[in-house]
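In the two complexes below, chain A is the common chain; its partner is chain B in one and chain C in the other.
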Partner chain A sequence: MSSDYEYSDDDVDNVFDDDELMADGDSDGDDGMEMDDFKVVPKATRKAYELEYDSLSQPAVEKLMEKDVEYIRGILGVDDNTASLLLRHMGWNKERLIEKYMDNANKTLVAAGVIRPEPEAVKPSKRPITRRATKQRSPSPPKSSGSFTCSICFDDAPGLTPLSLECGHAACSGCWEAYITSKIRDEAEHVCRCMAEGCGLVAPDSFIRGAIDEDGFIRFQELLVRHFVGCNKNLKFCPYPSCTNTVSCPSGASKSSLTTVVPIVSCGARGLASDGAPLSQSQELVKRATGKEHKFCFGCVIDSDHRPVVCAVATLWLKKCRDDSETANWIKSNTKECPKCVSTIEKNGGCNHMTCKKCKHEFCWVCMGPWSEHGTAWYSCNRYDEEAGVNARDAQSKSRASLERYLHYYNRWANHEQSAKLAQDLFAKTEKKMEEMQITSTLTWIEVQFMKKAAEELDKCRVTLKWTYAMAYYLAKGNQKELFEDNQRDLERAVEDLSELLESPIEPENIPALRQKVTDKTVYVQKRNDIVLEDTAEGFVEGRWAWNVSVDGFEAPAAEPDTAL
Partner chain B sequence: MALPKRIIKETERLVADPAPGITAVPHDDNLRYFDVTIQGPDGSPFQQGIFKLELFLPEEYPMAPPKVRFLTKIYHPNIDKLGRICLDILKDKWSPALQIRTVLLSVQALLSAPNPDDPLATDVAKHYKENEKDAQRVSREWTQLYASE
Partner chain C sequence: MASISSRRLQKELTEIHMEGCPVGITLVKADDFETWWFTIEVMGESVYRSEVYTLQFRFEPNYPISAPAVTFVVTDGRKAPLHPHVYSNGHICASILGNEWSPVLSVVSVCITLQSMLASCKKKEPPVDNDRYVRTAPDNPKKTRFVYHDDTV
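What follows is the complex of A and B.
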């Protein structure tokens, strides 16, 4: 999982001419010759909703780390091991490290676990500390050999190899291996201090490399990379399971930029990483062609695409949905409100003659009018058109409006989310149809790719649509919102049309016509999606969008009657 | 499974040269499981109490700390109702160079020096912080009630 992927993530522009390799089951080694098809030329122009970022494999991040280490080594005149330990201790903040080191080198070295604290008596005067620190720090057998008893396992067999850090606290190599391995594997900890109680020395990389097996050391390096990435706000680790790539995106790193950009990035890998076992070249190609891109947001914790809406609003929406949606649904379907005091009432039995527990108002559950006007016609309400009833229902619907409004957006949002979840099924179905077409018509494999392309496009657009509902819910009323919703409607209509076309049954004589239609619709849907994304992104840059709630980083909403719940 | 040399040696030493006020005896059928008693340190509210504990050496020992738990009820801010102990060396400050003996000595020291600022039993800790005298009285009472022969 470490190669640099050379294709760009947007195959938007070359719609039907990139014949991607299909997962057609038996992939033997010959597939290698199709390699070049994946080198999609990076696009020159960037769309408004895209931003610049770099996908880095683990070795690439390691190079960055090496550069920092080298820089510190040069400035402070210490060796690689020391420079690494110092940098890790300071969270890779070079400036602060240099400042601290210049201020009190000894103290910094002790804190980083490079050297032991001096005994109290010897004041840290102007001793040549740096030289001390640059001493060879490799696994060194302590002085007296002869009979050695490991202080950890109490073994005294003659063949034992004692190892120790600079401090001289010796233990046998077996104990060191078990200790460091448990630190790395079980605790995911890259700082391995000396095993002796109270000794703060940290094992340098060279020591660790010598002490543990190859697998463990690979894991150790991964931990170091993770630590480095965690310390650097321009970098983010890919959140997909067992993916080891990193994305560098300085333009999405500052909090203030998140009001104008939606930093959706892709780490460059696709599909699920294989668990350790290297893939054959053909398997790798299949994975690249068919696996889902690892798309995530650089600016917040949402690990999927949430364009076009900005992080703050997306987060707000998700939180609201988590808190409210089920409750709101239940309230809507099971309760009404007292026409007088607007308390929420659940009717769980009895007749239609309601008496509000709170304000003692008596009303009819069916028409919501006051009970007094019902006269003796109890248990049946035939007064639906009476004025009082109409008024009461009006009031009711007003107080329900905000709930209705929320549910309107939520249901559409959830609907698209559900459809996106079913995308896997759609892909499978589409695949089947493509096979069918090849059998029943003269179309070749390449010529039926339009179906797959359409399905992929559909999936993409549903993600966009889903989030437009979150956005629309929070948009303040006005011209801008109407324009936004017009764009949203056009996209939605196009998406549903295309969806219907894909579902339509295949009849051999219609295939050419269907192909034409699907192809046209796909291009159209793509265009509509682009318009929504682009226009929204431009709107953020221009500051065109106003919200009906206060959103982090944006101006407070204008004082209009708040319709949000 | 053969018992590691370390555990055998530690056990031998625990029996031959026990620490003052501490006993630790392994079970016959499971040599990783110890019955422990600790005498309440003089000058503490736990004075003259004999506290029973259990100690278990997990598979990873000594890379992982032993599991220690009080069996006798005790009114102490760092020991909860279930007898679990809040002690740094039993968690993140564990070092493989520590031993059963040192762990038990630390537990004994904890009885002399309760630390209500890092509490496990929050109600006890609150009591200790607000009215140490009265809290110590309760500790003494509990020692009388539960930890005397």
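What follows is the complex of A and C.
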């Protein structure tokens, strides 16, 4: 493994600052292994396609925020509320905040909504005022002597409590609650300014805590964490619905690293969050064991694994699929001519093995090459640029040929995507088979786990395969591409074999043999998957991959007509 | 819980009945606390001189916490004014109806703001992106995230 991927634990801590260490107790004990002054060895055996990252729970991120607040409080001599508002205003950039504050404290406090601008010009030499911004009770409600009418809802019931920020713009507690709750829930906004028009004061945390209910405050805290994470390029919030974990991944954070690394990370949680209802301990255990990992890309917006292909190419491919979906559907649903007798052929059914009714010529629907070169399995057609296919296509129009080429990759990509979507079915079917096996054989629950392992492995490999088609579509012709497609074909074959095996009916007397076979094939498929991922990742580090289109951060493509659409 | 909007709108309505609307603004219909109609007219020298437009306000139960949905009525022969911030479907691109809405603003203050928005207009022309917007606009303008053309309205 090249050392480009390695960094010491110190570097991880540097995410935040040179002078701070990460709050302890949040790094799940994985750094209890430092040895004196030696560079820390990366965890176990990290593969070329894996990179180091940390999963942080929401409380762990909150601890990091508290540290920053504490730091600013100490340096600027302000209270927690003020330090928090200042930091949020400056996007958690402590250095810039200190600089600005030293330059003009008043201006900074006004801009952050901590204080109101003073009506008259302030002498520049004036020392900053840092009084508490939270005053729960406004001194004088609009009307004198006890009776208060809320200026928002016009309620004037006797026991009504007027609330205001430092500015004194009072409203009843009900209106404040409705206002702040609507900001937080409907607008996902953590900056709640005073309701008075033109008043820029921002409600500090202690005011918000007092004004809204517990649920609302929890949501508010999550918004604060999201904002903090959004301000720090080394952090990313887990995109899975209702997950509140964060991943820290400095090595995937710079744009330049994205030509050599595919920063796929996992937030540490599994499965979908339960909708509010707390899980029992056993339910929690089941979820942890069976739920899907929250995998996402740290480098781009794709919220799933897109290895082995780098972000820029994966994004390019997804955009192309979106843009071309109409053309692709048109072409797919249309007829083609038999490459031999040029009579019109219509495709009916999913199989790509076509036979011309007139001349009995057999050919592949996708690449138009003779079927005889495909063997008996469709997956031999992972490679598009076969001589025969090229010749057959030359007869067709050029633009059509490039669409065909796109479709070749697209169909395979979509096929694996579809299969991955059906993974839940596969898991359910597998579970059933496992139960069946326990009944019809002497195998225990533990001993039938091999089926589940196989299904999981298949799922993973299909994700890899899917993206290899996006990669191959953009790879420039040449030896490297051929080697890539060789690896792809081997994985494709291994996956189909294992998948067939999993679907085969179970005969009680064959279970021990089946178990052996499945286990062997699972190991094999795992190995093939590793080879594809490992070799591609190494290729990126070595700069081995060249593209047929221009890709951000890579060398411009050599002129290669016909391939790019 | 009785909605905030009913008490507040009752109060605004009472004030309108007692004090009347500012010049050029007339209450047409306020039968409930969901939809109100006003007509507005620019007084004095203006490119909209002696033209009367109808404004519709729609309120959610948590008005005035949430801004009212305000549009020019474009049915039954009524038209939206030709103005760089008013789309031909009646939608209005004004920041006080969006991110600069404040719960202390009122129906009348919105009318006045829109009236002065028209009054300050020197040349009648539609928004540059009118056709594109109108083709895809949601029914409720509050669902649109306007990029405000300028900060003055």
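Simple rule for what comes next: the second predicted complex is superposed on the first by the 422 of 565 C-alpha atoms of A that agree within 3 Å, B and C clash if a C-alpha of one lies under 4 Å from a C-alpha of the other, contacts with A are read in each partner's own complex, and residues count from 1 in each chain.
Please note the rule applied: a contact is a pair of C-beta atoms (placed from the backbone, for glycine too) under 8 Å apart; a residue touches a chain by one contact, two chains touch by 3 or more.
Predicted, not measured: the structure shown is a model, and the values here were computed from it.
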| item | value |
| --- | --- |
| Fit or clash - chain C, chain B, common chain A | clash |
| First (chain B), second (chain C), both or neither touched by A:Leu458 | neither |
| Partner chain in contact with A:Ser151 - chain B first, chain C second, else both or neither | both |
| First, second, both or neither for A:Ala269, with chain B first and chain C second | neither |
| Which of chain B and chain C A:Gly174 touches, first, second, both or neither | second |
| Which superposed partner A:Ala196 touches (first chain B, second chain C, both, neither) | both |
| Shared contact residues on chain A - chain B and chain C | 151-155, 171, 175, 178-179, 182, 186, 195-198 |
| In the complex, chain B residues that touch chain A | 4-6, 9-10, 60, 62-64, 95-98, 102 |
| Of all residues in chain C, those that touch chain A in their complex | 4, 7-8, 11, 62, 64-66, 102-105 |
| Contact set on chain A toward chain B in their complex | 151-155, 169, 171, 175, 178-179, 182, 186, 193, 195-198 |
| Chain A residues within the chain C interface of the complex | 151-155, 171, 174-175, 178-179, 182, 186, 195-198 |
